[in-house]
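Each of the two complexes below includes chain A, the first together with chain B, the second together with chain C.
Moving on to the complex of A and B:
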């Protein structure tokens, strides 16, 4: 009887909202993602307020709001330099070569690894290409200086004695700077960079390869009609992200490699700001140039994303 | 279990992320009293010498002085090395020192520290490298205490500025007439008078004397032409040998040592600074002068003829000197560093030095060195009495006779003391032990090579040198690095070079507006100058167009005259302050 009564008067429960439902269902995933979200919020979003330094004369003793506002003074200072155009051009050219050559080599490397059938050999070669990534840039540049020294360098002597080339100091040669920078960067980072492409290849359904083989597709055919289309979305996303940082170029390696004789091709925005900022400890100036870079990067990213969406239906957003 | 692990992992990651955020690294306050008791040292009064009067320690009883420094006190010395000395200072003055040491990235930590409440800041801070821009910012922000306000209690500092080094007083007098930083160490040469630093490392050309003699050059070259002849002969006789190693990764800078041959003022302190004041007190920009063109023409000829080598690092240059693959160069102490290695490869090989070369029609000038090392600053925390006490501490620790001697020889009473008339009395056995490194520095805090502000009375260096010489002579197993011929050669060269010294060009404190203009304009000026000079030497730019392509651009496009006018204004003020 009691049971019957209960059935007749069921307890009223409010339907659960989709958000609560989602949290209850996926709380483990949310928890795993939380540190990353917090990290980005704390270290990327909160400091965004610092862009206002670009419009201030920053003083250590004053608070953020009591600094003097100087309008576009630092932007004017940067653009009034006779070298502003040159450093922007150099930054873009160097990034373009890094994008073109770097990405191409990474994709080719991933495709090559995928085609290697001998497991042990594959692992060994993969490891070999990853190792340079763990060598510091300072050491890499040191190795280059030693190997390319016109008098004692192994490579220089090889070029001179075997190929009959003239004795030339490549580190003082403006035209040699970009190739040296890009080639050394590829040597150091291509293996590591290929991991993401290799991952995308591994996610391709293996039955497609089997079907293609039955249909008579050779290796190149399978790469062309299955692997590359399967990697398309990752390639496009990587491309968009890279284009979104076209105006940024780390100063560290260039500072180690360049000299006044190679400023013509090697001086980029970050090295120029480093030289100027170092002499004046001017935080406002640095923030202004960074803000300019970020604004350009954002525009480039939006354009690249829009073009990618139109052309390939793959986009970041 | 999976859920538990997931939760644990997330908590660890979040906690880990925050771990570095809020925990300002608490400095490990150390008092000098923490030094082992075995290091206890008697004051001069204790040893019965009766010389205690010459110590003249201020009474800072009950005062606590907070001092923020790097943990590397000066090159080759850690804070723990100097603690015995400061323990004695604590005993003599009655104060307590609280150390706040920073292990790395000192300048950033200091800047961050100074953004806080001044009352929580240390009393004394090491300002790091004495950069006028940074110090200006601190002064403008009201962070630093004006030292001149405490002259009445700091007689030694006053003497240092007014009598010993008015030139430095002129340099460090701020635009408002105050002085806000005290040099902690200086390496300099002023008007031909070397003070506290050996010249050997700074201004000598070295060459392989054995090869020169073999080619018929019996004595060292003294002019640009003689050098050219010698290097050409070497290049012809030994095509695989580098005739002159002079370039490093700072580009053309090493080549600037030859500007002195053309009456230009090579700035030994800062090879990238081109400004100097001529004999009439007019500020000049060296590269824009006609004599620069002559220097560049000569350097370009040397480069084209394969006499100078581009692009070797410092290590490579030293290595090349040591393994006998280079004939000459501009580098300090090559004899000491490379002689031994060279002997293993070539038993007959040896180095000699040559003076800075001259050329016809010009008088050799070589700008004195004024490398300002670290500075101390007193934090203006609003407590006038505390600021004055901090200054009294510095006055005694670094600028008094006691401070000068103990900086180099360690705690008083261990190996040195004041004589009856206040003169320095040194125990030879103690200095011998220091030389032979038998007494570890930690035991006494001695740092015989320290070039503190005490350079104003460099008799202690002389004293040390004389004693060291006697001891070396008395040591049967001591093998001098330099042969008698090399010693004599060095003394000769040093005398020639020293006679050619002229006044150094000082650094300036400027008003914020002028500093802004200088910062903005000199960035492009320096980039352009660096680039063009290197192009002229390498031959990638035509020296025939020196006036139109270079000098005219400096004046018309890069506002050189405006920069010169600003420097002139401050140089005039400097002369007034220094007089």
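Moving on to the complex of A and C:
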């Protein structure tokens, strides 16, 4: 920056373009922002160019520039395999349940918290429900593996002794994967997720409640006719944003939970990319599936954003 | 004057009971793990622990804390967490500050520049190839540098700075001859300790809890963080191998008991830092969420 400044000095008598003037005035701001911009460029923009790996026969011994180009080979391989349908279906179904069950529980929890009158008790129970959000995925899955162990796990024993469940290893059972994933996610995230809904409840005009009480609405009536409608816009936005990310799902937790015996229901796009792309070093193939996923995400997000703008004037960008 | 109707009373009771149940459900697994980690051998063999420790035994804690590898992983976790926190605060605060300056010459370009990565990402494989070709693979910088800025957090910082520091303050500082670097360091940072705390906590908890990044980028044992080790111990297939350093091969029963209990000990040890600070930091996190929901 300094070099530019020096070069500009002699020209000061001539009128400067607004851009130059701006740069001259804001060079310190540019300096402050530069590391961040560089970081975004390197770690977000260069990988965007890296999607071209999807069209290459990638080898770690060669560079991006010397890899052979293979056209749509990896895409054809993916879409003609049995995996394409399976992982896309699993991703969508899992996201759907997360969306439906997760959001419902979060809203119900927020409504219930709002009805608790004792401030200290409310605060304490809220703190308890936020807590699981700060536990690592590794620990959560570790707890599940131990507590659901068919021979020694405290929850398995409870299910077997009280509810008469058969003695089975839930982690080897394809049908058990989705409920386990969703329930544990709710356990971990519902309290935390309820904060945003509680915030929207708090911003509802209190006089509405008083008016409704005078009109003879009971507690339930007020929930039904004032609280819920007051939360509507936040609920709609959250739903739309969730739908915008329907095709994305981090691999982290599933990698810990699944095994070949549950791939049938547990294998999603991101875990497939991880397994094919990184574990089996099939980089081009992985990049192709990755690119397909990113493209789906982009489309979903733009559509969701557009819908959000239509329904409520609130959007991400 | 208010008279509580029957409906009122029922709603009150139901709400109190429900949130109480929710709180118990959320705490129980952690309490159970702590109890298991402290129970004696008989309790482990008979799986008799329900809520509180059955008997008392610290053998597994001793085994874990005597193991130099575990200390290495713990140290790695601490180093990576501290570095990630410092970097993330610097990066997000500086970008956040630049974003608040409404007359910044590149404001429009900058906004577009940071929005695009929010909708489209290159994905796992291109990022992995980039890290490899930059020579960051198997160094902790593979985890720290990409976390320098996250768009969401930078926008969070911007929202906070905008709402705490009136534009007049900054403008009058400019009139007094302060330059942008001075304003940022002398005015913005001291007034924004709340958001700095929020950003630091996000970064710290995120890095401490992450195992996926280390799994991909840190293959060597010398850099392994606690969470990755925990992953190896807890996944049943590799568990005996991961634990072999901790257990002696002499006594089968003893090994079984300690092997089981060590899993709980490691769960407790790796979560302990969070349990300890949680009561104090919780309000900052809640503030962060509320701030983010105001609108990014």
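To be clear about the criterion, the second predicted complex is superposed on the first by the 209 of 317 C-alpha atoms of A that agree within 3 Å, B and C clash if a C-alpha of one lies under 4 Å from a C-alpha of the other, contacts with A are read in each partner's own complex, and residues count from 1 in each chain.
Keep in mind that, in the parts below, contacts are C-beta pairs under 8 Å (C-beta built on N, C-alpha and C of every residue); 3 or more make two chains touch, one makes a residue touch a chain.
These figures come from a predicted structure and were not determined experimentally.
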Taking the superposition as given, does A:143 touch the first partner, chain B, the second, chain C, both, or neither?
second
Classify the contacts of A:293 with the two partner chains as first (chain B alone), second (chain C alone), both, or neither.
second
Which partner does A:64 reach: the first (chain B), the second (chain C), both, or neither?
second
Residues of chain A touched by chain B versus by chain C: which partner has the larger set?
C
In the overlaid three-chain picture, which partner chain does A:39 touch, first (chain B) or second (chain C), both, or neither?
both
So, does A:154 touch the first partner chain B, the second partner chain C, both, or neither?
second
Touch check for A:165: first (chain B), second (chain C), both, or neither?
neither
Examine A:275 and indicate which partner it touches, taking first as chain B and second as chain C; both and neither are also allowed.
first
Given the touch rule stated above, what does A:264 touch, chain B (first), chain C (second), both, or neither?
first
Going by the contact rule set out at the top, does A:219 touch chain B (first), chain C (second), both, or neither?
second
Once the complexes are superposed, what residues of chain A are shared between the chain B interface and the chain C interface?
28, 31-32, 35, 39, 42, 60, 145, 151-152
List of chain A residues in touch with chain C within their complex:
19, 22-23, 25-26, 28-33, 35-37, 39-40, 42-51, 53, 58, 60, 63-64, 109, 112-113, 115-118, 121-122, 124-132, 134-139, 141-143, 145-147, 151-154, 157, 187, 190-192, 195-196, 199, 218-220, 234, 250-252, 255-256, 270, 273-274, 277-278, 283, 286-287, 290-291, 293-294, 297-298, 301-302, 314, 316-317
Can you name the residues of chain B that touch chain A in the complex?
2-3, 6-7, 9-10, 13-14, 17, 21, 111, 114-115, 131, 133-134, 137-138, 140-143, 242, 249-252, 309-313, 316, 515, 519-520, 522-524, 526-528, 530-531, 533-535, 538, 540, 557-558
How about chain C: which of its residues touch chain A in the complex?
5, 7-8, 11-12, 14-16, 18-20, 22-27, 29-30, 32-33, 36, 47, 49-50, 90-92, 94-95, 97-98, 101, 104-106, 110, 113-130, 132-134, 145-146, 148-149, 151, 154, 179-181, 184, 205, 208-212, 216, 227, 230-231, 234-236, 260, 263-264, 267, 270-271, 274, 278-279, 282, 285-286, 289-290, 293, 295-296
Could you please specify the touching residues of chain A with respect to chain B in the complex?
28, 31-32, 34-35, 38-39, 42, 59-62, 77, 80-83, 145, 149-152, 169, 171-172, 259-261, 263-264, 267, 272, 275-276, 279-282
